[in-house]
């Protein structure tokens, strides 16, 4: 459907309605937090953010986010490849499994970790619960679908002739993957990676339950915010929230730029 | 003749077993990974939830706080979904059909809720509607509506978080919609509204449904924003995820597991529904 | 490099897509596999390349048994119908790919790529990407890419099928020229009979997974052994007849029997007459090998000729290609009374 200028009054009404809705729902809250950044000046926020406990929390978030991105990229490509290129019994079921992390409440995810690895858990001996490792595990879980779902349609659309041509020219499967398939799926992988990072940065519920939220050990940036609120440390909470918000906006911008690049390429 | 051609095409496309050398290794790794990472947790939820036996399960689930938590979750998610489907469809329609100042900004902002941590969302809403703000006072006095620590707050938070779902589901369908169909309708005398009702709407209905249902499933499990915005008032603003959280922290695993089973069960049913709708669209 | 197929079979599900097929292709030959869609021709080609598994039988490339070798090890060049160029690489990089795999030194690689670009008449296009090339140019690059690593055999799967008609003719000639210049053995798969005629040293007609007939284009056109071949290649008039003694009897009409048909003596046969071998003259004229009198039922314009359908006295219909000059000179029109004769014809055993 092509765009047209809104001339009819119903069209104008619709536009105003939609924009007003977006304004109230989206823009007003953002304005509120941006305003908060300037209210008491930067200094108290800066002090709060550079305090050791905030720094520790940020470090943990960053490490887990990066590790998650790495794991999910590699495994995501593998899973996408297997689901698209192979036929095997139960494939549809396995395919459906991929979307599950989107619908499982984070607290349930954390709960599962406790059941499996907690003190009375099925695998208690592995001492994973209440450690950063548990937080990594849940973060990998909740962001698992992104790379898979971005890569799958691109793989599906790839004509098999390209791979076959590479084989007839002497390329092994690994070489073909490296030189032919990987470059083709790269934009999709990057987009999925960005989505994964955004999700990992914001993980709260599952990490809080699975890690235990011990300050200095299993407290990530979002748990720090939560604790700050409970300690009535508003400045601490707001400053971290603003920082995470800013990072998220940067991520959002990357998402948009990548989307435009992808759509231009497919033309 | 057609059969033979199709048969040959399929034979041509079947993967060559020899090129499949490491096939089972790759396949096996991916399958095991997914089974362990995803199927296992689902299994854990259901098996531990029913560990205390059906009667134990029922006791835990029928506790008034548990029932209320589930009800609050379902009601707020449902209300949010209705509003989201309507406004989301309208927003998608407006974005695809018209040019107006600020349109590109709006389009870029739509994905914002995907990027922002839900906890930060909660904080933004607290800042905007917190008890000390003029806005809160205004709403309280004029409409007797409390946003924070009340159900409207929950709905508002969910609306923010699920904002992109319906829009991004409907948008591509509208973009792909063949121009000529509505044009044909106009030449046959149909008004804009009639055309929308009989031509555009049926085309976007599956997307509206699946986007809405995905948002609903997402909203059921929401924790971070609600914990900030709604507080934790049992029987009033305590949702199922918050309830579960409380029980896990308190070490009351049976109670946590029972409600988890119900919550996950509902989410799974909804997801199956989405799949069914989408599959219908492929064949339809 | 000769290619030998020995009782090659491919089964898909419960069907035999390629049935017990044996074939020998001579070195330096351009062999065309001609068949309709679904005939198994593409499957067979892919089996020779190693892109599809062979269930039974053997494949030999230059006396080497390659039946169970993967495509990487067979030394075949393959040109697909479309979509096979690597989109993210330039034309030059595409062509160099096979050389990259072999780790050819850079200078040699560059030289070879340039050589091939010139061979396909695209010397300045090396830096273009496939998206910037026309369909015909893309297929030329695909050909160069397949030839770069100096394969023993060139396999082409309907390479011109997706192109416009004019480009097709141009590229056909180019392919033939290159193939003969390099002396490389090639197998081309197509459903286009005209293409087969223009390119082939020999043609193999394939239908339902079976190799029906092999012969030069002329042989298959003038002396086909199978009715299917006769119908698939060119137009055909069929008349029922009996072969006896030294004659062929079509109803009460007597025609001299063609050479080498003694083995059919005493049998019912099908008489194959190509439209261009039918002579149509106004009634009363003398014709060679007369078939009978008739009335012109239909005249269709066919570019260089008119296609004239004549209904004979005994009810049979015959199609003839009559030159425009003759139409004009003898004033042959709708409903004209004419006499029909045949210059050339062929016998096939009756398939009733």
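Just so it is clear, A, B and C label the chains in written order, and each chain counts residues from 1 on its own.
Just so it is clear, a residue touches a chain if its C-beta (ideal position, glycine included) is under 8 Å from a C-beta of that chain, and two chains touch if they have at least 3 such contacts.
No experiment lies behind these values; they were computed from the predicted model shown.
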item: Most widely separated chain from subunit A, with each centre as the mean of CA atoms; value: C
item: Comparison of A-C and A-B (more C-beta pairs in contact); value: A-B
item: Euclidean distance of C-alpha centroids - subunit A vs subunit C, Å; value: 57
item: Rounded Å distance between subunit A and subunit B, as computed from the means of their C-alpha atoms; value: 16
item: Set of subunit B residues in contact with two or more other chains; value: 19
item: Where subunit A touches two or more other chains at once, by residue number; value: 167
item: Interface hub residues of subunit C, defined as touching at least two other chains; value: 50-51, 70-71
item: Subunit A residues within the subunit B interface of the complex; value: 1-6, 10-11, 14-15, 17-19, 21-22, 25-30, 32-33, 35-36, 75, 78-79, 81-83, 85-86, 88, 94, 96-112, 114-116, 140-141, 144, 160, 167, 173, 195, 198, 201-205, 208-209, 222, 225-226, 229, 237-238, 241, 244-245, 248-249, 251-253, 255-256
item: Subunit B - residues contacting subunit A, complex; value: 13, 15, 19, 21-23, 26-27, 29-31, 33-35, 37-42, 44-45, 48, 87, 90-91, 93-100, 102, 106, 108-109, 111-121, 123-125, 127-128, 156, 159-160, 163, 174-175, 177, 179, 182, 192, 214, 217-218, 220-224, 227-228, 240-242, 244-245, 248-249, 253, 256-257, 260, 263-264, 267-268, 270-271, 275
item: Touch list for subunit A against partner subunit C, complex; value: 159, 161-162, 164-172, 175, 179-180, 183-184
item: Complex contact set, residues of subunit C against subunit A; value: 49-51, 70-72, 74, 76-78, 80-88, 97-98, 100-102, 142, 145-146, 148-149
